[in-house]
Every structure is written in C-alpha cells, then in structure tokens.
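Heads up, there are several structures right after this.
What follows is subunit A paired twice: with subunit B in the first complex and subunit C in the second.
Up next, the complex of A and B:
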C-alpha cells in the first residue's frame, strides 16, 4: 500500500506541535490502509529533528535539503516537495494548517493537480482507502464532509490543537532518508530580503493554547495592558475582536473572527466582547470559553462555559492575581 | 500597467449559514451577498497603483452565478475599468482547483502585468485559488501581503507578507499573483458618480467555451474535492455564571472553577 505522509513544519530548529498531532492520528489511518507512515522535513540541516518524528510514529523520515531551502519560500518548498511526491507516489499528504502549511499545500496541490482540503478538524479514510475529511466553512458556521477524486495524493491541512496528541515513544527510531533536493535559487521565484519581527516570539493565534481576547469594552489600546498581563501569567497570547482592530487598538494580525483568524485554543477568555455572529464563528470551537462582560445580555454568554458579569477592569486584574496565587 | 483583480461574491459575515434540507448545499435564501473583504483590498490596491502611475487598466475577473454581477458592479463603482464575469452553468459548483483553472484560462487571454486577489475567501476558507492560479499561469505568487511597492521600472514589486510574529520582505518579479490581507489598505466606498459610471462600464460575460475549456474541466465534473454533506456545528450551551459579591470574590471563584472543574489552568 502507498504511504501516508505528514509534512513536518519547523521553526527555529523545532518541529511544530501540529505535526506531532497529525502523526498521532495518522498512525490509525496507516494501520487501516496498510501503508507506511512517513514524515517529510524540508530545509537545511534538518536531520537532527528526525528522531522526534519517529517517536510520534513516523516509520520513515525524508530529510529534504538544499542550500536554497534554508528559509521558507513558496516556490522553493513547492519544488522540493513536488519532486519527492512524484518520485515516491504517496497516497495521502497531510500538512499542519499554519500560515506556511496552508501556503505550501495550496501551491503544491496546484502543481500536482490534486485535491486539497484546508484547515480540517477530522481526518479518516473511505472504504476505498481514499482520504475523507471534515472541515469548518464560513469560519465554523457550518461543517463540510469532504471527499476526493481519484487523483493521488489526496491532501489536507489539519487545524492545530484539534487532534489528540499521543505520548511519544523515544524507543521508536525512524528510518532516515536523506534527499538532496534539486532546488536552485530560481525555483524560489521570489527573493526574501528580510524578516521584520513585530510581535516578538508571539505564537500565532491559530496555534495558541490559551487566548485572552479584548473587544470594544477595552475602551482603548491602553486597556489591553491588563490582558497582556493575564496572558503572560497564563502562558497565552492576546487576541482582539474586529471592533478593537478596526478602532486601531490592536494590529490586524490579532483579529479573531470570520474576517480574521479562526482559532481553537484550549481556553479562550473573551473580555469586553459582546459576541457578534462573525466573532462567535471564529472562536466557537475553542475547548473552553470564559466571558467577562458587564452586559448580562451579551450574546457571548450564550457560548461561554463560564461567565462573569462585572466590570472587566476590576475582574481581569483580580483574576490575574488569583492565577498567580495558584502557580 | 494592466492589473487584473480577482473578485468573489460571498455571504455577508453577519449572515447565518444553514445547510439545505438534504444537507448537500448551503441554503442561500434571504442571505445578503457582498464582495469578499480580502478582494476589496485587492481592488483598492489596484486602483491606488493606477492612480499613482496615472495610466493603466484595472480589470475585474469573477467566477460566480448571475447574482455576482452586483458585486462586480460595486467593484466597477469603486473605480475599476471593466470586468469579465465567468458566468456559465458549467462553472457552478467548481472547487478551488477548478475555479483557479477557469480563472487562469480567462486571464491567459488578457494582458496582465499584475494580478491581485484576496488571500482567502471568507465563505469556503480554502486559501487555495491565488496560489493555484499562479501555478497554472506559471507565475510567482505571494499570499497575505500587507504592503506593496512597485520598482521604478515596474518590473518588480517589493511586498510585505504577514507571517508568525512579523513580516517577510520579499522581492517579486512581475507579473505575479499577489494575495491581499487586512492591513494592506482601507478600501474606498463607491461614490455616487462612480455608481453612475459603473452602469456603462464593460461587463463581459464569459462562457466555458470562450476560455478554451470543456464542461468536464470545471464545475462539479472537474472536481478534485467535493462536499458530500454539510452539517451544523454542535450547539454550545450557555454555561455557569460565576456568582459572588466583590470582583475579587468572583475572580477567585473563576480561578477555582478553571483549575478544579475545567482543569485548563
């Protein structure tokens, strides 16, 4: 049987957690299809990360390397991955639905002429062994069960924080296959001049475990300071509603909702957010939702697991202190 | 400069979305349609570039049913010069792949120095058409741009692409497909004279045969992925309202619940 592949995205020498989540789930799919489970690392000097992928179930790890793959470019990584797919012919290729995972998978699907389902929350196989997935559309207002044509490989990107992470087994050693990619600087199609850090080492909202979000009720950019403090104590990141972003209080990369980011953290704390339909769509799949709002009629309370009806400028700092006490 | 803008009509973000009775489609009854917000940034950027250069043409290209013409007119009222509407029953039901195939086939026959689109559409959330379109046209593509500057000779663009924790500064040879995201600009509202002028602008209907494709290449027949079934997400029930006297007591109670009951902190 043909293999199931997981593209293992890495940043600063570390594999993204979503790759381990997908491997954990794809093990069962590989068991069902009878094909091997493999991981693909692309970059320059990536071999050191192969063992970790093995511990989560990858039997084989392809380390695809070239000098021009040191930094991610859509063109360079597309060429590297497509060449390997065309040579090895896997049945299924899965990606993490991060910014670059969605970026890469889209161009790869175009080049290979195959189907791709984006940002899936469930993956399985049909009775012919083809991939079938469930994915939210309209930012989660509806779910779609998606089937594929016979074109192989079938591809999907999987939303971070959704699939269950298995315990790693350090004793499992993967077979490591080194691949010298025929990628030249022309293949990148663009020239990366520089990377400007604006958010420090902030984790992207789509991959965050805990999000503390603020809306119109924060009253201004300085109001978010108490949310930054709470997020710091919880080990989370700060998000914002469209109202707060449109008012210029927060950068647009912080926006949660249908016209911003769709997020699935373990804990979403909504402060001063009334809960418009497009905001609720974007965070409705969070595992636990806490709302703090002084308006008891705010729609957000209909979605919240825990609600506090009070002045957030009193509740949030007090809650930060309480969390500190517990730590 | 010849600029193409890909524009999609989508349900308004405030719309409630429900599956049809047989769960195989979306029930669009009573829904208000608008231009995909990311495509509005693309149109605005095209107009800004044209205004800065003082010459050129901005052409809107849309694949969609008849009702999409209304959104195309809005784009023309913003200031785009003309439009092509891929409006043929054969196109309906196209997935991202087939959509990109059809758009590429149409754009191939038009002069294009720059192709702008939204980085994603807020209905199917697929993030695919921009890159696939570029692939079929053999062009570079950058999705998620928040800044765009053309070189003096207009042969290159320097773009800022939003990534985790920052932006990448990329130099892209033109023509290229660039996908806009929020932050690139503030889209203008159509002016009254703009709306009047838009009525007389060219809006060319395009059929499958016009772009050299057959009905098997696009629409439901040309699918790589297909929705077998739609469903509504599981309902979330309202939870507990944390009681207590002072804010401190409520905060203490909340921390206790999250630690002991929910086990999330």
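Up next, the complex of A and C:
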C-alpha cells in the first residue's frame, strides 16, 4: 500500500510539535489504509532527530541531507522533497501549517501539479480510502470536508495545536533511510547570511499551548513574577493585556488582544484582566479559559470556563504550589 | 475753496504715470493669479459651485462678517481691523475715482467730510491691526505661529502704504494752512494731527516733501498689489474662493465613484487631489488655529494639520516647474526625484496620516475652510487600497469587519443576542414599526456598551415608542473602514445594510452610536440609502419634552458632558444631550473648558479605536485632565467609543474613586420611575 508521509519541520535541532501531532493522528490513517507511516526530515545532520519521530509513530524516517540544506530555503527544500516524492510516490503528504510549512507545501504542490488543502483542522480517510480533511471556512463559521479526486500525492497542511498529541513510545525505533539530496546552491536561490532574533528566547505567544496573562490588576512589573512562576510550572508562557503593556510593565510583544497577538492556546489563565472586548477578541477562542479577578462583575467571567473571584496575589502563588505538588 | 479734495493736487499731469503703474501692477496680479489657477487645475474636478445662495451667504458671513475669525478674540479683532480698514480704503479709493471720472462730483461738502473721516478711521484701524499683529507675532509669539520673512514683508508693506498715505495728507494739510483755508480738513484728523511734522519748513519745501511722499505712497501701493500672489497676501483673493467653494457636506467623506472601474484609489500624486484641495493650499496663512485644536498635535504625535497643508503647498510649488516643463518640453529644472516623490509616505509621513482621529477640529477651526483631515483620508485610501500599507492592527480590524461585520470579529450570528431578554422584536419577527433601532457593533457586542443599548431599549419601551431591531441581519455601519481608507470594504457594508433596510421598508432610524448616526445620515445617501436618521439623544430629549419619559428620581450628581466629535462637531447635535441631563432632577450640568464646537476628541475616531497609540502621549489622558480640571462626579457621554476611552482613561490615571464615566442613557434610566417603566 502506498505510504503516508509527514513532513517533519525542525528548528534548532528540535522537531516542531505540529509534526508529532500529525504523526499521532496519522497513525490511525496508516492503520486503516495499511500503508506505512513515514516522516521526512530535510536538512544537514538531521539523523539525530529521527528517533523522536519514531516514538510518535513514524515507521520509516527519510533523512534527506545536503550541505546546502543547512537552513530552510524555499527553493532547496522544495527540490529535495519533490525529488523524493517523485521517486517514492507516497499516497499522502501532510505538512504542519506553520510559516515554513505553508510556504513549502504550496511550492511543492505547485511543482508537482497537485492540489493542496491548507490549514486543516482534521484528517481522516473516506470510505474509498482517500484522504479526507476538514477545513474551516468563512472565519470558522462553517467547516468543509474535502477529499481529493485523483491527486497523487494528496497533500494537506494541518493547523498547529489542533490534532491530539499521543504519548510517545520511546521503545519504537524507526527505520532510517538516508537520502543524499541533489540540491546545489543554485536551487536554493537565496543564501541565508544571518538570523537576527528579536525578543527573548521564549516561545512565541501564538504558538504557546498554555498562556498565563496579567493585566492592570498585577499592579506593577514586579507583580508578574508570580505569573512567571505559574507559567514555569505549567510549561506555559506569560502574556499581558494592553493595560499592562501600556503601563510599561511588559514588552509590546507580550500583548494579547485585538491590536496585539491573537492566540488560541489550550489553556489561557487571565489574572487581573477585566476582559475588555479588545482583549477578548485576541483570546476568546482559547480552548479553556480560567479567570482570576477581584471584581465579580468583570466581563472576563462571561467568557471564562472557570473563574475565581479573589485576590490574585493570594490565589496564584497557592495554585502554583498545588501544581508543583502534583508534579 | 470747495469742501472737496482735488485729485493730483500738487502733482500735476505727471501724476498720470500713476495709471501706467496701476496697469502694470494689475497685469502682474492677473498673470500671477492665472498662473496659480493653472496649477490648481492640475487637480481633478470637484462639484463646488452648486447651491450658489448658500455659498454667497457663507462669503458674506465668514469673509465680510469674520464670523469664524472673531471666535478667537485677539487675532480676530486684529484681523478684522486690518480687513475692514483695507476694505474701506479700497472702496474709498474707488469711490473717489468714480466721483472724479463720472463727472458726478458727489464727494463735496458734508459728504466729503464724512467720507474723509471714515477713511481716516479705516487707515487708523489698519495701523492698529498691523501693530497688534506685530506685537503678537514678534513679542508674545504664540506657539502656533511660525515666522517667515514673508510675514514681516507683508506687515511692513501694509504698514508703510498706510503711513505714507497719512504723511501725504499731513504734508498737504501743512501746505494748505488748514485753519485759514480749509478748516473742515480738521476732520481728516490723523493727517491734521501729523501735519505739525512739516511745520518747520518753507512752503516750497513742504510741497516738495508732499510730492516725494506721494510718489512713495503710490509706488508702494502698486508693489502691494503686484506682490499679492507672491506673498501670504494671496489669501486676500483665495479666501473668497475657498469660502465660496467650501465643503457644504463636511460630515460626509467623498465617495469613490465606480470602484470597479477605477484604476487608482486615493492620493499619491498631487494631481490625484481635486482642484479645490490644491487651491486650499494657497488659502492657508499658517495661522495655526488647526494645530491648536488638533488632538494628535496636542499630544505630540507627528501630525500637525498646518504642516500637512504647508508641506503639500511646498510640493505644489516644486511640481510647478515640472508640469510646465512637461507642457513645453523644455529642459528639466527640477531633479527627477521631485516628480517621483510620493505624497503618501513621501511628502506626508505615514505616521502623520495614521495619527488623525478625523475629529474635524481642524476643519471647524479654519477661518478659510481648508480641509486637512479629508486629505489625509485620501492618503489612507491610497495606502490601504493600492499598497495594503497600514499598521498591523488595522489588518485584524479589516478582516474582522469583512468576515463578521464587526471589528472584533465576534460571530455575526450572535449580533442580536444582547436583546434576547428584553422583548425587542426584530423586523423579521414584527415588521413595520415606526423606528428601526440601529444598534451598531459596540452596542451589540461590547459588555460596557450593551448596558447602554439595554438602557435605550428600556427607555423607548417605557415611552411606548414603536421600534424594532435588525438582530443578526444588522451589519457594521462601516465608519471605521471608511475612515481607515478601506473604501471598498465600507461600500460593501453600506450597500448590504441599505439593501436590508430598504427590504424592510425602513423610513426612520434611531442610532446608538454617533459614528453610525453620521454614516447612516450623511454617507448612506451617497448609495441611495435615504432615511430619516436620529441619534438616541435627540429622540430621548424629545420624549422628555413631550413628557412621555418622566424623570422623578433625584440623582444629586455633578455631570460634565463630553461631546462626541461625530455627534457634535460633525452634526451639530450639542443641545439634546445637555437638555436630557438638565432634565434629570438633581443633576448639575457643568462644562469642561473644551466643549461643543471646541470639544476635545477622545482619541478613538477615524478608526483609531482599532489602533495602538504608541506615538506621543494619550489623547484620552489629555481629555481626563480636562475632567480633573472641571472636577465633576460623572463624565456623561453619548458615544460608545468615547465611553470606552473615558473609562480606560479614568482607570489608567487611577481616578476611579473620584470620577466615573456614564452614558447618558444609563443616567436617564436610573432617574426614571421604574414603577411606570
């Protein structure tokens, strides 16, 4: 049976989470179709990451390597992946709809002359064994289930943080296939000179799974210390409302809301945030919202799944302690 | 001797050279003006010659009557003295020539004495006005004035023309021996007062002086006329044009016609402005009233309406040779960069364009009806529609408006949910009520403003008003999209709303939000949406006057009313909100120092509601300072944007203990006898 491939995007020697998410759910697809589940790593010196892919279900990992693939370039990666697809002829190729994933999937689809379903929120097989994906349309007002008529391969990109991540099984070892890519510097078209980072080391808010946000109720920049601690034990990152950013307590890059970042984490903890409509517009679609506020009338409670009406300086440290105990 | 003034006294036939000089000066004036008009005509067409009666009325009121100029007392009086003095001397000189050449000779006897006396006063008025101007410009130096040599020249020229005129007269009177030969000339009191200056010399010397100063006076007068177009004096002419061609529909932004066929949108080249826009550049005298009332400028943002006009004018002047050269094919005088210069982003910085709140203070303050903010809208249109160049936050607001017809992007299907418990019928459920209550986005989705829509509904229900809402069929009015330059999105939303409203045969509309009010009332007619539109304050004020709403519960509150720009300045609705507040028993209405026409923006107009305010200081904080100064207990508003900005400002300044903001509808509801409601 033809294989299901998952493109494994990586950065700084680590696989992006979305690749694991896709593998976790694609396992079931492979089980149904009977084809092998494979992952594709492109880069130089990527073999070390293959084991992790195996633990999430990849039976075979292609390590496509060339000296000119050290950094992501649209041209280089497209050539490397297209060459491999044309050689191995998988039935399905899935990408994470990250910035680079969107870029690469579109280019590969164009080069291969096949269709692409972008930004999907669900993957499955229809009764004829074809890939069937779910795509939000009209800003999420409706979903469309899409199948491919006769594309080979059938390609889709999947939105991060949507598919359910399975627990890794370290005992599973994948078969590693090393491929020397015929990519020359001409194919990359651009040369990466330098990566200039802005902000700190921390995870970008829009990619975070858990966000602990503070607002005017934090009373000052030092108040955020307790949020940092809570975020630390939860494995999340700290965000802020516009009020806290305007007051100069947090950098602009931390701002969640209409005019800041629009986020959809699994857990959003709002501390001392009243929940103005501008803020809600930026986090209202989070999967789980927990609010801590002294004011029972605060509009955030209308949106929250769980609410605590109390002094956050009492609640948050206590909660942090409880989480620590559990760990 | 006849009581009259002989023309060319002591000058003789050589004085006829005067007419050659006059002709030369007038030719220069006409040619130079023609040159400027040709420049303006590089702009696009504009309909500004309709409604002649209204336009003439404006010229009489605002130019001759100085109605706007006098609103600022010192500079108003200063300019009125110069203007009316100048006008009288101009008319006087004409009369004298007419008197002489028509052969009617009516200027003699008492008529001459009166005439002479009035012109004396006129000359004195100019001198006084010029001295006041010099004092202000060079001694007190208000920040809104920037001094250029041009200003000094104009004042000096005006001063010298009048003073030499007086000296000629003084010399003539000295030579005449007034007490003996012409006692009536004492009525020419300034000349008479100055005549002792010439007392020392012989008769011959006085006559020579007279002749000399006469020529200086004549030459200076013609220099003045010839210089008009080349100096700030140009406003003597352009003021009439700019006032006559003023925008009679100022509250409505011009529609881009036939969007599907247009190839460019907005303005990036001067030629893409209308000729009126270009003419207005020549009407500006840099008086700075606009900058003194501009919320962006006053909070240190990189926008100064006066500078916008001046920068555009400088660009017009550097483009003049480029256009001329294109016509004649002569060698280029200007470097190619000049022609390549972009207006949006080049001549006017992006940050300046995006800083505008479209509050309309600049257009309301300008004595000559120049329109800075509508020009900035044209630049935004270019950036938004041609280059998708706008702050990142604006992208989010646009997308949300496109997808869900509200700037927050909340599901459009839930638009009517706020009214679920209130027993309000939608037009679909119960068609043909008297009024459609157009709620707007804030009143539908924002918790703070849902309270206001709820209050308005309860008041209308208590008064037995027949009304309904559109619920989920209502869409965003599009004001923010339009003011942010996204005309395409605006027109789409406007057409949708109009279609729905017409489908239900809507005739009368009550709006909650002043932005919706302005848009529906003044802009929807551009797309065939002709409705009678009222703001809820107008309706409630009427209901109170008709005693259909009775306010019986004492409130004991000191309330300052904050004028919304789109209710007040753009639509002149200053009184209904105040009438309502005065009708609430126990409410003491106080005014902030900036109120009504001079009301200060909250900072959220012009789509600024959806943008960050990183530059300068906060506009709403500046407004809160006005609140602190007046020290009411409550700041009353009638606009959801103002309401939000004031609530935020009070919180940010940590003044919640002392002040609260409240919508007028909430105050009314609190004062109503619930038993009846």
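Quick notes
To be clear about the criterion, the second predicted complex is superposed on the first by the 209 of 327 C-alpha atoms of A that agree within 3 Å, B and C clash if a C-alpha of one lies under 4 Å from a C-alpha of the other, contacts with A are read in each partner's own complex, and residues count from 1 in each chain.
Note that a contact is a pair of C-beta atoms (placed from the backbone, for glycine too) under 8 Å apart; a residue touches a chain by one contact, two chains touch by 3 or more.
The structure displayed is predicted, hence computed values, not measured ones.
Ranking subunit B and subunit C by residues of subunit A touched puts B first.
By the touch criterion stated above, A:277 is placed in contact with subunit B and with subunit C alike. Once chain A of one complex is fitted onto chain A of the other, the partner contacts of A:243 are limited to subunit C, with no touch recorded for subunit B. Once chain A of one complex is fitted onto chain A of the other, the partner contacts of A:258 extend to both subunit B and subunit C.
Using the contact criterion defined above for the overlaid structures, shared-chain residue A:141 touches subunit B and also reaches subunit C. In the superposition on chain A, A:216 makes contact with subunit C only, while subunit B stays out of contact range. When the shared chain is aligned, subunit B comes close enough to touch A:99, but subunit C does not.
Judged by the touch definition given at the top, the superposed model places A:299 against subunit C, while subunit B stays out of reach. On subunit A, the surface touched by subunit B in one complex and the surface touched by subunit C in the other have residues 138-139, 141, 258-259, 262, 276-278, 284, 302 in common. Residue ranges on subunit B touching subunit A, taken from their complex, read 11, 13-19, 26, 37, 95-97, 100, 122-128, 130-136, 140-144, 146, 158, 160, 162-173, 181-183, 223-233, 236, 238-242, 247-248, 250-252, 254-255, 257-259, 262, 264-265. The part of subunit A that touches subunit B in the complex is made up of residues 11, 74-75, 98-100, 102-103, 106-107, 109-111, 113-119, 132, 136-149, 151, 189-204, 207, 210, 234, 245, 251-253, 255, 257-260, 262, 266-267, 276-278, 284-285, 287-290, 296, 301-311, 314-315, 318-319, 321-323, 325-326. Only residues 393, 396-397, 399-400, 403-404, 407-411, 413, 442, 445-448, 610-612, 644, 648, 651-652 of subunit C touch subunit A when the two sit together in their complex. Residue ranges of subunit A in contact with subunit C, taken from their complex: 138-139, 141, 216, 243, 246-247, 258-259, 262, 275-278, 280-281, 284, 299, 302.
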